[in-house]
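Dropping a structure here in structure tokens format, bear with me for questions.
As written, the chains take the letters A, B, C and D, and residue 1 is the first residue of each chain.
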Amino acid sequence: MSSPESRTLRYVDALREAFEQEMERDSTVFLFGLDVDDHLGIQGSTKGLLERFGPERVFTTPLSEDAMTGVAIGAAMAGRRPVHVHIRMDFMLLCMNQLVNIAAKAHYMWGGQVRVPLVVRSMVGKSWGQGAQHSQGLHALFAHIPGLKVVAPSNAHDAKGCMIAAIRDDNPVIFMEHRLLYNTEADVPVAPCEVPFGKARLCTRGDDITIVGVSNMVQEAIRAAELLAEAGVRAEVVDPISIVPLDIATIVRSARRTRRLLVVDNGWTMCGVSAEIAARVAEETEGVRIRRMGFAPTTCPTSPWLEADFYPNPATIAETAWAMARPDAPAWRPDPERARLAWQVQFKGPF
Amino acid sequence: MSSPESRTLRYVDALREAFEQEMERDSTVFLFGLDVDDHLGIQGSTKGLLERFGPERVFTTPLSEDAMTGVAIGAAMAGRRPVHVHIRMDFMLLCMNQLVNIAAKAHYMWGGQVRVPLVVRSMVGKSWGQGAQHSQGLHALFAHIPGLKVVAPSNAHDAKGCMIAAIRDDNPVIFMEHRLLYNTEADVPVAPCEVPFGKARLCTRGDDITIVGVSNMVQEAIRAAELLAEAGVRAEVVDPISIVPLDIATIVRSARRTRRLLVVDNGWTMCGVSAEIAARVAEETEGVRIRRMGFAPTTCPTSPWLEADFYPNPATIAETAWAMARPDAPAWRPDPERARLAWQVQFKGPF
Amino acid sequence: MSEETVRLYRSLKRIRRVEEVTAEIYPSDKIKSPVHLAIGQEQVSVAVCDVLGPRDWVGGSYRSHAMHLAKGGSLPGLIAEMYGKETGCCRGKGGSMHVIDVAAGVMGSSAVVGTQIPMATGYALAAKMAGDGSVVAVFFGDGATEEGCFYESLNFAALHRLPILYVCENNGYAIHEPLSKRRARPEGICGAAEALGVPATRIDDGCVFAIRSAAETAVRTMRTGGGPALIEAVVYRWRQHVGPNEDYDQGYRGHDEAQPWKERDQVARLAGMLDPATREAVDAGIEAEIEAAVAFAESSPVPAAEELYADVFA
Amino acid sequence: MSEETVRLYRSLKRIRRVEEVTAEIYPSDKIKSPVHLAIGQEQVSVAVCDVLGPRDWVGGSYRSHAMHLAKGGSLPGLIAEMYGKETGCCRGKGGSMHVIDVAAGVMGSSAVVGTQIPMATGYALAAKMAGDGSVVAVFFGDGATEEGCFYESLNFAALHRLPILYVCENNGYAIHEPLSKRRARPEGICGAAEALGVPATRIDDGCVFAIRSAAETAVRTMRTGGGPALIEAVVYRWRQHVGPNEDYDQGYRGHDEAQPWKERDQVARLAGMLDPATREAVDAGIEAEIEAAVAFAESSPVPAAEELYADVFA
């Protein structure tokens, strides 16, 4: 990911840079949604844009997710390129009708006469009592519907590149951002750059097991791979980057080689992205051991003592991967102290 | 399914009988939704109930799916047992927020203090130009969310038994009814009866391949099995009846035996119920060939010449199953004339 | 007999005849789609579209044949679409409920009640951003005013002073359910709009000139930044909610209710205002046009199988 | 010094102190939850709940500590819930945003803005069906009135004459966004309710007695089938939207705006109406109660690991 014309940037700043560069390049791009123009600017990801591009292109809205989504869709069909922001993915449940019944279908149902170049940003919350209604990774709901693209960049580099690609895309793109990734840093090109959709990345190389992570779970999987490496298991961590389109070929290729596939999602497994990846690999290969991890099959509780077990973490991922890679060896789990260092990232306000 | 105290009934009449018997038994049951009290009575499924139980328990609503769902949830928490009706599953996209953020989570998030004994009926449309917004089988969206039960009875017997079980259930139940099943007949008990959730049914027996159908696709799979039988392939058709809870054990048992699993869903495959079943079987077994069929990965077109290929049908199911069961034999497809007889059920109004 | 009267008559009669011919063809099963006819309510589309220009947009519901035609949307494209043919306005993928003609400013109609209202509001936002003086009109029924997105959209449009005319075609029914079973204050639609900051006008006699005049005033204001407006036009649906027939024998409404509306029929009224020669010439032109459009649809090819997979993504 | 004044003072002061203590504890990280404090707006919950009985229900948003306490919801249960303990009112599964106490008629609050409005309307439908004269009050902010479900719910409640009091706590902000950036007619909330058939009263000075009196009249009417009503109480939030601190230095609002509201503080006002001995006795009781509740929360066990999997289904 490194290049002379790049520097270390936080995820949230990489997003901001993407908006700035694209809004500069294309005057039809505008950015709206609750709180995009306040002094916090969506954790900083929209900060300064109001001052630079004015209130016609950067503005808050009434609390009307359903209609505002329709407005975004209509404006997109009429030739604008809106970026619509939700501070939690959970709130997108209010605008499923517009997204599924209009945005996803417009180009097809209206015989190719219109396009919907729309980006819908949404943040996924975790920890600090986010709980039932502020923590859901709902990407599978969108991935299920033909006509929507779904992207979940796991690092600052891809955040910028995917956002620019999303804004330039002529289709509706659901953009999932995990709140805990916002402060993570990566090497990010200075110039505008696109990370193409439908091309997975191999984050680590290994022959013992393939671990596919989604969104934040890519980071957790990479930490798990480090713990596993110390125990002598070499995991190949794959980041699909985009869920739709999905680069299943890269995943299948890796799984064919390692004969073991563990999919770790930042959402529920039932009818989730992990189910899709597992099913596709099962359809296309034979003899691959397959396991899935994701949210516990429960609502997300707020109490941290319960919440800890709701999510996969490097320790549980490593433990599961070990059991798959070394089925005949005794069970192993990473040293709790090292594991703790690897995953105790906690979100503590502002909300 | 037969018994001396039963008789042949249409699916739609079996539903009506379930409401009548449950509303008679329990005065807290009420039924509401657009058009439930008009002269057509939701294709007949609610006909006569207004006259019998009065407008306090059978009533139409304003066109306000979101709030009406909240009303149903609140009434349920306050001790009533509402049945809320949508004439198309597509319209449920308007009330995802209430269903996912409240109904599914209420019991858990509020520490077990409340229950949501709610039934949400929804019809899935097909043919006669239903198209993009009147044809979606969206059960996977609900199955993805812990806390919702999802049921899709495929015949009149199960329609009655599942509806009675759903009304008596203390949890929100999403009840999916395929419009083309409404006129199909089965032997249905006269007395109130419950079909338990989480128990799959073997519809046909066979050793060559397991075909799991969902909703309407159970009927299509049974017809495919007949065509296959003529070609010497014995298919075991499994009807899960409920998607949540899912009787995966029965499916795994059958697939272990036949070594081949074809899942045919009445929805999209990507992150769909077919993905879940395929993934679970892949996780729990080895050496089973797995394939999925479902809606084409497109929006549903209205033109009948295009729509025909959007859905799996007995001919394409049989053809796929054959290729799996007889990988070394030449490809086979059923005689078009016989296949046509098996699947040309067309819906022609009223809407 | 003003030029305006001739123009309005032509548009009214043309729509009426297209809908009647659709109803006649319907039992033949050549139409592969449900049809929601606007017979009896054509004047709303006709009046509003008469004050719009080619660069203005209209949007509507599943009941949009009238709007489509009044705005200049393709007639052959409409009929071919109902026939499910490749030459249909949606290439056979939308059917009667999803008509569109981008070249004519018809934005594509939607069959989930109310969905077109926010979408059209987005077109109005784009129009304001473009600053070219173009406007949007969006048509919807009384039932659509019960959906939350109606209020959300109006508030947003008022807040941003968007150039959009909300047109409620209040025919008193949502399918078979009368307004009184759906709204505590059946007369409250305009009041709700006003409370949100959208000036509203109600026209209860179905007069095409009255609707046109209200639309003209509203559109003139909004072309220069005056912001949105709402017109509630009370009308009556003569046929079934969906399908080609009358349904006065079904019990939910009677002929007596329809009678005053049939007496006020705007097609007949304007026909009476034309001299016979003009009227006959107009009528003949319409019949010829419809005949050609039907022939076009009938002779058009069906979509190729691979079309199923085209246009999922742009 | 009437009995009513003492009662209202006790409730006001108790809520104020619980919120202040919450803010004090907050930096210690013992509270495992965001907190949305109602300091400065307590009088709305206090006034409305004062006219409700034990069999009546209340519902609210993430900002519901005041409502919960005013209605008689468990204080130890509330604090323990913020601590994420097993003894919390949601057994540690809901946190500060989802308080509930079914025994006290607190229906469970919800953190997606507006969601509680239809839900509470459903409780009112159930109350009407039960025919026992009980009523429902639902609390929400000005921002919630922009959600479509607000209008949908009011229309339905008016149509069925449901016994529900809609209580809008208009503090002029949704997070940091002022009403003027969200509503074309910031003063239009009552008008929109009236257009839908819900009689509405606006009280702009934050007076606890005025709110109580409006609530009393409305509730009396609805107990005998008079249907829903809305009260818009203009108030001011003294602290951050979420979190324990003040935020007048953040630039989106200044002390000057808050000043008149602080001068009208209802806690201080009613304190001044009590004789000192009474006031001190009340205050002492409150402090003791809060101390005990905090101790209870601190000493309570954390939830057992298997609790994660309990109560997904009933």
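As a convention for this text, a residue touches a chain if its C-beta (ideal position, glycine included) is under 8 Å from a C-beta of that chain, and two chains touch if they have at least 3 such contacts.
Since the model is a prediction, treat every value here as computed from it, not as a measurement.
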item	value
Pieces of the assembly after leaving out subunit A, positions unchanged	one piece
Steps needed, at minimum, to go from subunit A to subunit D via contacts	1
Chain whose average C-alpha position is farthest from subunit A's own	C
Separation of subunit C from subunit D, taking each centre as the mean of its C-alpha atoms, in whole Å	45
Separation of mean Cα positions, subunit C and subunit B [Å, integer]	36
Whole-Å separation of chain centres (CA-atom averages), subunit A against subunit C	42
Inter-centroid spacing, subunit B versus subunit A (mean Cα positions, whole Å)	31
In subunit C, residues with contacts to at least two other chains	88, 90, 92-94, 98, 110, 112, 146-149, 152, 155, 159, 181-183, 312
Set of subunit A residues in contact with two or more other chains	61-62, 64, 66-67, 90-91, 93-94, 97, 101, 108-109, 131-133, 146-147, 297-299, 301
Overall pattern in which the protein chains touch one another (line/ring/star/complete/other)	complete
Residues of subunit C touching subunit B in the complex	29, 32-34, 84-85, 88, 90, 92-98, 110-114, 143-144, 146-148, 174-177, 181-183, 241-243, 250-252, 302-303, 305, 307-309, 312
Residue ranges of subunit A touching subunit C (in the complex, touch as defined)	30, 56, 61-62, 64, 66-80, 97-98, 101-102, 106-117, 146-147, 149, 170-171
Residues on subunit D engaged by subunit C in the complex (per definition of touch)	146-152, 155, 158-159, 181-185, 188, 191-192, 194-198
In the complex with subunit A, residue positions of subunit B that touch it	66, 90-91, 93-94, 96-97, 100-101, 104-105, 108-109, 131-133, 136, 140-141, 143-147, 244, 267-276, 278-279, 281-283, 286-287, 289-292, 297-299, 301
In the complex with subunit B, residue positions of subunit D that touch it	57, 88-94, 98, 100-102, 107-108, 110, 112, 115, 117-127, 129-130, 148-149, 152-153, 155-156, 159, 310-314
